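You will see two complexes here that share chain A, one where it goes with chain B and one where it goes with chain C.
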Partner chain A sequence: MAKVNSKPYQREISNTRWYWRNETYMRYIARELTCVFIGIYTVVLLVGIWRLSQGQVAYETFLQALRSPMSIVFHLVALAFSVYHSVTWFNLTPKALPIQIGEQFVADRVIIGAHYLGWAVVSVVFIFLAGVF
Partner chain B sequence: MAKSNKPIVWGPFAAGGTVTAFVTPVLILLTLLAALGHVPDGLTYEGMHGFASHWLAKLAIFAVITLSLWSSAHRLRSTFFDFGLRRDKQIATIVYFMAIIGALASLMFLYCI
Partner chain C sequence: MTDRSIELEVLRYNPETDSEPYWQRYSVPHHHEWVVLDALNHIKENIDPTLNYRWSCHMAVCGSCGMMINGSPKLACKSFMRDYENLIRVEPLAHFPIERDLVTGMDDFVSKLARVKPYLIPKQDKPVEEGEYRQTPAELKRYKQYSMCINCMICYSACPEYGLIPKFLGPAAITLAHRYNLDSRDGGREQRQEEVASGEGVWECTFVGACSEACPKHVDPAGALQQVKIASTIDWFKEQLSSWLK
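Right, the complex of A and B next:
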């Protein structure tokens, strides 16, 4: 084997900070990180169901625990990330579910718009069923 | 044709991504109200217990929790990879295992309500 005199190429990009270089990467990593907040929030829901199964006192202790400042901050951050997940998810639906009618494809904005409308309806129905108003 | 477990993993991810896109923001909004001290009627013990006693509600809660956990686990797996943790097989095993544990736990809690 010939002696290689050159220095091996060193990749100068950090594994943990590569996405700072570019706005597109930043948006990508923000989208991917939504899973951390949605995942943790689902565990909060799971704890809620667990406490509910243990009876009134346990469930009301859970509701009381939700009122801690850390929980409020978590809710606000998780709300922002979950909305970002919804927006990015719905904006990709024309690529995931292209609809063809005859020769024509349904316009992207129609498919996206239908999802946003569905999202609004679901949200209002949940708020109504939960007895907020 | 090459055998792949990708559809089995990816199917619930897509379903979970869709479910969380539709319901997670409003659920967070509702528990945020509770966190701020304005517990909606439906989230009081009587309200939640009444709701979660019905089998259809149990099914819905189970579906939301399981699909959310699975899609979060799947995305977390690829996020670990993006952050330079390249031991994908071990990470995949851990995150999917945790999602399955959570799903089974929800099944048990719902059964007890």
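Right, the complex of A and C next:
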């Protein structure tokens, strides 16, 4: 076979700016960023448990800090991000967990709905364990 | 009938004379029923015979004419000019090396495809006299969607992971491995897992989902890859459990 004179041109991709290229990438990065807020929220929760272990006075100070406007704003933002993360994740579950019955696949909305139902049940159990009712 | 013209900007590159690609603009007639491939053929036949691109079937079956059209990976034969404004920018598929004009190098994809053994590996070989390997419609339905892949590489062009980490096996290769793994006649999953479940395999995927949005055949590679992740995770747990029970 004759040797092909080849000098392929490789285009560069920016490690830090690629996600501006289109809307799909931006939605993806937004979803990845939600973990930052969920991570900080988890740290706050751990600090709360640590303060609880130090006694009532320490825990009351922690609760007081949670009531500050900064803290409330952070929790609202973290809630918004975690809801965005959960909703987008639930919407993707039919892709990862297709269920075939005979020649048909179970409709996406059934699989998504089952996840919301599971979420509601777990939430009720936790609220019950927390002694709300 | 054509009543106006439309501008087509094409990324050109001649490895013998150019150090880097450049844009060249052509004015082509606008026909309501034309796709971008028709416009490229018009340029080649009437304006500039030096323009290079791949195409064959003109009906979204061969998978040859994948290219970036206004920044999105598309089949040129499936992209109607009427869906675009007055300027259409055409580039070679992203993430692949440009060989010449719109022609990209496919070697990386083809070698990855071969690595996952995308063909039936029967559980048990049997002589031809014993007849065909039979399958029920339900068994066919299980993998049929993934068998629609035409190897057009559009999913690789859509996948930012592949662009950033070129060693990634990529959407189509793993999806095709999954297609054969799901086939009731196949027994080759263990052989494919060596490649598919490796670090360069499915675990490079972070579920951006752009592959499935771009796929012109609605194969849903992103779905296939998540299913492969779940199956590979179950394998790992089974392995741990069996070694623990020993």
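Keep this in mind: the second predicted complex is superposed on the first by the 105 of 133 C-alpha atoms of A that agree within 3 Å, B and C clash if a C-alpha of one lies under 4 Å from a C-alpha of the other, contacts with A are read in each partner's own complex, and residues count from 1 in each chain.
Here is the rule we use: contacts are C-beta pairs under 8 Å (C-beta built on N, C-alpha and C of every residue); 3 or more make two chains touch, one makes a residue touch a chain.
The model shown is predicted, which means the values in this text are computed figures rather than measured ones.
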(request) Mind working out whether A:E60 is in touch with chain B, chain C, both or neither, as first, second, both or neither? (result) first
(message) Looking at A:N15, would you say it contacts chain B, chain C, both, or neither? Reply first, second, both or neither.
(response) both
(message) Touch test for A:W119: chain B only (first), chain C only (second), both, or neither?
(response) first
(request) Look at A:V43 in the shared chain and tell me whether it touches chain B only, chain C only, both, or neither; answer first, second, both or neither. (result) first
(message) Let me test your reading of the model: by the given contact rule, A:L79 touches which partner, first (chain B), second (chain C), both or neither?
(response) first
(message) On chain A, which stretch or stretches are contacted by chain B in one complex as well as by chain C in the other?
(response) 15, 19, 32, 96
(request) Note which residues of chain B are touching chain A in the complex, please. (result) 14, 17-18, 20-37, 39-43, 45, 47-49, 52, 61, 64-65, 68-69, 71-76, 78-79, 82-84, 102, 105-106, 109-110, 112-113
(message) Going by the contact rule set out above, which residues of chain A touch chain B in the complex?
(response) 15-16, 19, 29, 32-36, 38-39, 41-46, 48-50, 52-53, 56, 59-60, 63, 66-67, 71-72, 75-76, 78-79, 82-83, 85-86, 89-90, 96, 115, 118-119, 122-123, 126-127, 129-132
(message) With touch defined as at the start, can you tell me which chain C residues reach chain A in the complex?
(response) 13, 15-16, 20-21, 71-72, 94-95, 97-99, 105, 137-138, 141-142, 158, 160, 163-164, 206-210, 212-213, 220, 222-223, 226-227, 229-230
(message) Looking at the complex, which residues from chain A come into contact with chain C?
(response) 5-11, 13, 15, 18-19, 21-22, 24-25, 28, 32, 92, 94-98, 100, 102-105
